[in-house]
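In what comes next, subunit A is part of two complexes: it sits with subunit B in the first one and with subunit C in the second one.
This part shows the complex of A and B:
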């Protein structure tokens, strides 16, 4: 357990520089974007009001209010999010492969630590989850800050109401920002499951070489199949199951997928892995 | 004692280890000799559970290798096993963090012996110094057995001499060492036991001293006999 925590700390530190860059880029792009978009809007609005001699109320009647969605729909807001997601997706693979490739074969050291090798797997899994949750927390903070920026530039009378959860864009991102705690747990448990299956697939490839790529793909598809089995069942027997039953079935298949991912990883790390 | 018993291993269809058996005693230096690609490194990895074997058994003091074994046995591969962006003292901190058997006094002693700067980044070290740090990280663990893969390959003559000096010092005494080499000349005078290998098989295992006393032959003489036959 102690070694697991040390490994988590170690793994987080290894990504930290890049993480700071991701955070920096996101902040820069979103904060500047919030400023630029509100300012452009205000310039435009003032010009229209001046040209047509409109009061603020008349302007709102004619042209509508500024919605925060205008910012959250913009590249300023979305691109850094996509970029962070892409980088973390790449890192899910790189977190393992970086230890095998390169001049320094650090995987030797990791596998020669006097600790269960599955602790390395759990540490890397935890690291990915921590990095993801960190970015989510940052994004929530940033939205609050961006709202302040918009409020500074655009008078409140010109704005429509905004709440993080009511916003249509963020609804689209519901899986990123779930609306309840239960949903939050479900969404991120699903994410954890997904990463665990990818990790195990990577270890299969690392254990069996070229053949391992096929085994890994087969394993991935099988896991996907097991996971989606209840949903297929529900589609075949429509209106047969209660929602709770469906939920329980998904819960059971998820546990099977997660359990087998960990079991296989443990077995491979102990008996099959090669450096 | 490390016992390697009838170990077989295949990579695909190619049999890389063919019924390999030998032992390495504590307090002795055992040398695996053979040209590149005969399976010397593979055996070391197999001992450390870093690669699977198809059949056979490997025991350390009568027990199979488990996580606990890594406090008693260590492997120094021919590339450094630390992150290149780490400084030497950060590497020390990492080792101290994870190994109970890490001996900081000895690490310090070796650092002075090798004349290395603890604030130097591993990535910036010369080839010879990288090899020394790699060796240092393994030697500073209070383990009973040390496996070293080609510790002399590709480094300058003075670094070689320094590393060879380590073998005759208290740093090695009492421990069991398995070392591989494809060039025996550097260490012929240091080794107690030689295991001659070719094409994944052990051709001959002998005590250097016995052969010298009884047959009046050096390691190189025996190698000539075995490999030219």
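This part shows the complex of A and C:
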């Protein structure tokens, strides 16, 4: 356990600088964006009010209010999120390959550690989850700050109601922050499952060389197939299964996929991996 | 410990922000929740024992659904994820079937109109592919029956010849009696370069023992030239009962072409009654003074009801189908503050009528015995959060169920 925690910390440390850059870029883009978009809106609004000699109420009647969506639908808000998603997706691969293709084959040293090799796998998996959830948590803080910026620039009377706690406000939001905490756990557990499958596929490729690429692709497709089997079944037999049954089927296939990913990874790390 | 600060701070950040987000979210959601209760004013509380009101209210620009019963109110959308999985939101009347006949209900559409139930049987009818069949002159009707006593189920299919390939067949009701199954459907056919689009009202009569089609009666048909300027309306209740309806009450109306900014002018309006036992339809003539209220007609067993609302209350006109006579109307005196957009809710069920109308501090529920005309229950649906004035005004009654 101690070794696992050390490994997690070690992996976090390795990405930390880049992580701070990601956080910095996101904050910069979103906070500046919130300011720019509100100011542009206010400038237009003031101009229209002056030109047409409108009071604030008259302006709202004619042109409507400022919706926070205007900011959250803008590239200022969305681009850094997509950028972070892309970076983390690349890092899912990079977290392994850097150990082989880095300056010195670091993986050799990792494997020599007096600990179960699967701990390395779990540590990398945990690191990816921590990095993802860290950004998810950051976004909550950011959106509260951004709302404050908007409130400073645009009077409340000119704004539509907005709350990050109300359901179905932002499309992007609904994906990243599902309605209930249970759903949140399920969505991110699913994410974890896919990362685990990719990790195992990488280890397959690392264990069998060129042939390994095909094995890895085959394994990935098979895992996807197993995972989606209940969903396929439900589509073929429409209405046949009740929601609880569908959920349990997905749960069972997910366990199979996750279990086999870990088992295969363990086996490969112990006996097959090439350094 | 010091060297772990990066990992610890990420973990701390995650736990604090994500958990507080969800705690706050739950708190906010329950803040928007409203709760209502039924306060008995007079009469026997047993009258509302099995009553469930399906209502909705508006809060923060969103509509919320709420069930109100004698025990207070519950929001079906506020169920937990797992509770939702156990009991999803199918029509209330079918919930009992799913609980009691889980296997029989598999693969079936949760549409009460497709079901028939009596003491011993539960029957489900459906047109395969909703009656769509490309380049074919038959549609397939499937009938599944469950013997509730032995728990045995059976199923058979019948190919029904059709003149044209329909786009959609909508089952409106199922009647079962004397070895016969009658299925009331609306068949839709959209126009193409060969044929005109049409909407037809059919009754398919099936011989249950021989498992064959006995009759395909077309009760009404609207051809596309008339579309938009004609309408077909069925008055039988569709989502609150799966019992036999001895009569179908329907109306075919035709209107003059709509000119801009003018109201549609009714050219003809015919009301028909279809007798399920005899398999025959006859036209119903309505007294001239009741014609303006024809659209709010209700049918319950052998009686047609026409409610007429006025400032002083409700007059419920009654026509007995079998006796072919207009009975003395029932009246209920009340003063409502409702406006035009806020019509009272009326439902007739189990020998009683249930009326819910708006009063200054909530909604008033009256239950009247149809036989005696006497008021047997009065209650008020009020917000439990007394301070919330807005709560009372946005509550709308959508459906009233009497559950057993």
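Miscellaneous remarks
One rule holds in what follows: the second predicted complex is superposed on the first by the 268 of 275 C-alpha atoms of A that agree within 3 Å, B and C clash if a C-alpha of one lies under 4 Å from a C-alpha of the other, contacts with A are read in each partner's own complex, and residues count from 1 in each chain.
Rule of thumb we're sticking to: a residue touches a chain if its C-beta (ideal position, glycine included) is under 8 Å from a C-beta of that chain, and two chains touch if they have at least 3 such contacts.
These numbers were taken from a predicted model, which means no experiment stands behind them.
In the superposed pair of complexes, A:140 makes contact with subunit C only, with no contact to subunit B. Applying the stated contact rule after C-alpha superposition, one finds that A:112 touches subunit B and leaves subunit C untouched.
Set against each other, subunit B and subunit C differ in how many residues of subunit A they touch, and the higher count belongs to C. Look at A:274: by the touch rule set out above, it reaches subunit B but stays clear of subunit C.
Of the two partner chains, subunit C is the only one touched by A:12; subunit B is not. Taken together, the two complexes place no residue of subunit A in contact with both subunit B and subunit C. The touching residues of subunit A, counted against subunit C in their complex, run 5, 8-9, 12-13, 16, 130-131, 133-134, 136-138, 140-141, 161, 163-168, 177, 180-184, 186, 237-244, 247. Chain contact summary for the complex, subunit B toward subunit A: residues 45, 48-52, 67-71, 74-75, 77, 79-84, 94, 97-100, 122.
Considering their complex, residues 3-4, 6-7, 10-11, 13-14, 16-18, 21-22, 24-26, 28-29, 60-62, 80-82, 84-86, 88, 98, 102, 106-109 of subunit C touch subunit A. Across the interface of their complex, subunit B is touched by residues 3, 6, 10, 14, 102-106, 108-109, 111-117, 207, 270-275 of subunit A.
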